[in-house]
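Read through the structures below before going on.
In what comes next, chain A is part of two complexes: it sits with chain B in the first one and with chain C in the second one.
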Partner chain A sequence: MWIRALGDYSDTVDTDELPALRQLVREALGAPVRRIGRFIQLALIGAGRCMGEQALPAQTAVYLGSGRGDLDVTLEVVNPLFREGLPPKPLSFVNTVSNATNFYIAKHFGLAGRSNFVCNRFFAFEAALELAMQDIRLGYTDSVLVGSVDLVTASLHQHRARLELPPEHPVAEGSHWLWLVGGAQPEDAVAEVQLVRQFDDLRALLGHLHALNLSSERSWLLPGNFVDAASIAEIQTTTGLTPVHLDAREPGYYDSRAGGAISAFLSQPDGDTLLHINRETDGERFCLMQVRRISRVS
Partner chain B sequence: MNEDREQLKAALKELVIEECDKDVEPDEITDDEVLIGGPLDLDSLDALQICMAVQHKYGVRIEAGPQARKALRSINALSDTILEHRPG
Partner chain C sequence: MREAWFIGADTHTVLGRSLADNIAALSTPPAPQQIELRFGGQTIVIPYLILADQPLEDIERRLYQVLYAVIGQALDEAAKSGMTAAQRRRMGLFLGTSSADVSVSEARFLRELETSPDATALIGSNSISNLARHLRHHFGLGGPDYSFNTACTASANALMSAVDMVSSGDLDHALVVGVELCNVITATGFQGLGLFASQTMQPFDQDRNGLILGEGCSALVISASAPKAEGQLGRFHLRGSANLCDTYSMSAANPDGSTVAAVMNQALARAGLEASQLGAIKTHGTASLHNDESEMAGMRQVFDTLPPVCALKPYIGHTLGACGLNELLLFCGAAQAGFLPGTPGIASPERADLGVSLNQSRLPLAPGHFMLNFFGFGGNNTSLILSNTE
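Moving on, here comes the complex of A and B:
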């Protein structure tokens, strides 16, 4: 499967006054969008940056993953309801439907294809991408806009508590998107997604990696948010690869940070292949995302 | 009383802009312009949003139907409704 475009937004949030996104939406889409909350704004910024001026085929699907979903709008509904005994405001209530975000994306790009929202705490981006690849393979679609979004809610104190992060731990929000297509390699493809696969445990993952016989010079091993040091050490021993450690404090924590891995890999010159490895921390499963850079000879 | 009414109308213009997510300044909304289906291009969902916001902020419940149609005719009408029904 081929990546024809990528786009990202991520930013540290270090005050309870969350950064305004309205202008960024306008810049990314070329027009303001009314009656949307922060989560949808983030999604539109990332998707808009991904596609720029390019048009998508009308039957393109939209698959969005998130670790927590739209916490902001959930709080807008739950707080008045349970704390004040008041009904929620209608615009907040309407946007609690997870697919509301996909609706706004589909509306902006004029899409009428499939739409899926995947909530997965540990493999948010990977799960959406895995599903997109499966549906392309099965012939349900041949073009998918795949993304992940996670946001920060005020106050930061409550947000960190909700995410079970220590006080002062840097937090961020991010929106990462790519345009994935099936079939023959398009001329403008920037990368090939070779594999997104979940493994039952570390042993199964190591068996797979061992069989790949990876070149340490040409592979970029990037551990995700949730991989522990002991597992990384075992992966390193099995593959002979040295993990690349992006600064975990930059831009800060959000669940679906894996969504930015492909852009991070492609934006630097080292390696032909990205191996992004993530794990769940309340179970044994691991997830591998394998992406090949497509180099252009000028 | 008159001063209260002017302050309320100014606050309501800000409420409408905030709740309906409109890119206009408060002084661009005149006191007697039609709110729903008027120059602001507000629809029934905006109307419901305004009613809920008024209930949250002023404790005044605007019933659907004729009362809502009357109250949402303009900023003048909305402020009259609130002043008439505000608790306390």
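Moving on, here comes the complex of A and C:
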């Protein structure tokens, strides 16, 4: 399956004054969108940057993944309710449904295809991409806008406590999107998603990687947020691939950072194939995203 | 594509603690209880269809007790149908819910606020997928987990993806879970929207006046292998399905029926069926005028002649993200027992104001093909075609 466009937003948040997003929404979409919270703003910025001036087919599906969902709007409801007895404002309550974000994206791009929101703590982006690819494989659609969003909430002290991060650990928020299509390779395809698959354990993943027999010079082995050093060392030993370590502290922690891996790979010139590997920290499962760069001959 | 069999199921609603109890109780819709909810120094009293045999106590553990019992029963039935322990360890979990473990988070936050005004909200659980992970660990499920949060279509969408993964060979077994228990955010949110009825829900009836929230929890095990013995759901399977986004409004489908008709038509096409081949329709039926109008307009566009039409929310209330699986099990269980549920006095021919009445009493139902519809906030429309015949 083919990636025709990508777009991202990610930024470190290092003060309790969260970055203003309204102007970025306007720049990404060419018009303001009113009465939406930060989570939806982030989604629109990423999706808008992904598509630019391009139009999507009306039957395009929207698949959104997240590790935590819209914590911002949930806290906007929870704190006044339980501290002061103030019932939720109607718009805030309606926006607590996670697929409210899909609604705004579909409305902006004029879409009437499938709409799904899936949550997974460790494979947030990967799960959305996995389900989107399944839809294309089964012939339900041939065009999907796939993304992931996770945000920061103030105060940072409380946000880190919720995410069980140490004090001062860098935190960030991110929105990563790609336009995925099926069928024959489009002329403007920038990459091919060859595989997104979960494996029961490290042994199963190693078996798959070993069989690929990839060139160490032309492959990018990129460890995800949650994969441990020992597993990466074992993968390195088995495959001969050298892991590429993006600075783990940049831009900071958010669950769905894997969503930015494909852009990071394509934005630099080296390597034909991305192997992004993630794992769950409270279980045995691993997830592999395998993406092939499509080079242009000028 | 492989067959995806329903080999284990259980449900717990206001009607009873088992699927059999629920089916037996589908004769007269129950009256809601008036329950008290306390929060932030306030107390509200609202109508609610609370789970049978599960008082609103010990909220921090209640959710898990309900889930353990329902999922455990579905897994036991699946084991009797031939699922091995090794297959169970590899099965995928597909959770569909609106509120997940919010009831637990709320109770914890309230408890902590009693001792410290500086307590932080959402510390213990702040991801919808935490509940799925908890269940995976509790039941020793080593497969993938996906938590679907698409408002009132969540568990229907979870079922769609689960069936697709089993049919396509990605998984041999899948556990679909829908759960929605009483919580303050949902109750006060719907109260703020002015959507509560005072008594039983009356969809498509001239006296409709809104919805009653209900609690419900259901589990369904799906297998690529035919069961050794016919279970509670017989030969029922998902024959076709569709989910589409409707951008008319955040809280209602397009009243002209076009988007509702589109999702029904797509589900029928994927099932390889004509509308005239359906034996019955289970409506979403939220008893708000807008939603009733949209749904009825959509049905009129798809069907030249409507088959018998039923609604299940008068019996169990609106169980939100869990309504997809709760109502599917109730419908299939009733059909397996040979009848279509009726709703006596609700949208009878004399009282239906949109030109179509609901089935009034138990109607004999032969094996066939059936449409179940679900529509959610955020413009999420889902239509399922269930069959218990070829």
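Simple rule for what comes next: the second predicted complex is superposed on the first by the 298 of 298 C-alpha atoms of A that agree within 3 Å, B and C clash if a C-alpha of one lies under 4 Å from a C-alpha of the other, contacts with A are read in each partner's own complex, and residues count from 1 in each chain.
Following the convention adopted for this analysis, a residue touches a chain if its C-beta (ideal position, glycine included) is under 8 Å from a C-beta of that chain, and two chains touch if they have at least 3 such contacts.
On a predicted model such as this, the values are computed, not experimentally measured, just so you know.
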| message | So in the superposed three-chain picture, is A:Trp179 touching just chain B, just chain C, both, or none of them (first/second/both/neither)? | response | neither
| query | Now for A:Tyr253: first (chain B), second (chain C), both, or neither, which partner does it touch? | reply | neither
| query | Residues of chain A touched: more by chain B or chain C? | reply | C
| query | Counting only touches as set out at the top, which of chain B and chain C does A:Phe265 meet: first, second, both, neither? | reply | neither
| request: Tell me which partner A:Thr96 touches in the superposition: chain B (first), chain C (second), both or neither. | output: second
| said: Contacts for A:Trp2 in the overlay, against chain B (first) and chain C (second): which applies, first, second, both or neither? | reply: neither
| said: Going by the contact rule set out at the top, does A:Pro87 touch chain B (first), chain C (second), both, or neither? | reply: both
| Is A:Arg34 touching the first partner chain B, the second partner chain C, both, or neither of them? | first
| note | The shared contact residues of chain A with chain B and chain C are 80, 84, 86-90, 94
| query | Which of the residues in chain A come into contact with chain B in the complex? | reply | 32, 34-36, 80, 84, 86-91, 94
| remark: The answer for chain A against chain C in the complex is residues 62, 67-69, 71, 74-75, 77-90, 93-100, 102-103, 106-107, 110-121, 123, 127, 131, 134-135, 137-138, 140, 158, 161-162, 198, 200, 255, 282-285
| message | If we count contacts the way the header does, which residues on chain C are in touch with chain A in the complex? | response | 39-42, 90, 98, 106, 109-110, 113, 117, 120-123, 126-130, 132-133, 136-137, 142-151, 157, 161, 164-165, 168, 170, 184-185, 188-193, 242-247, 250-251, 259, 262, 270, 376-380
| Which bits of chain B are touching chain A when the two form their complex? | 19-23, 45, 48-49, 52-53, 55-56
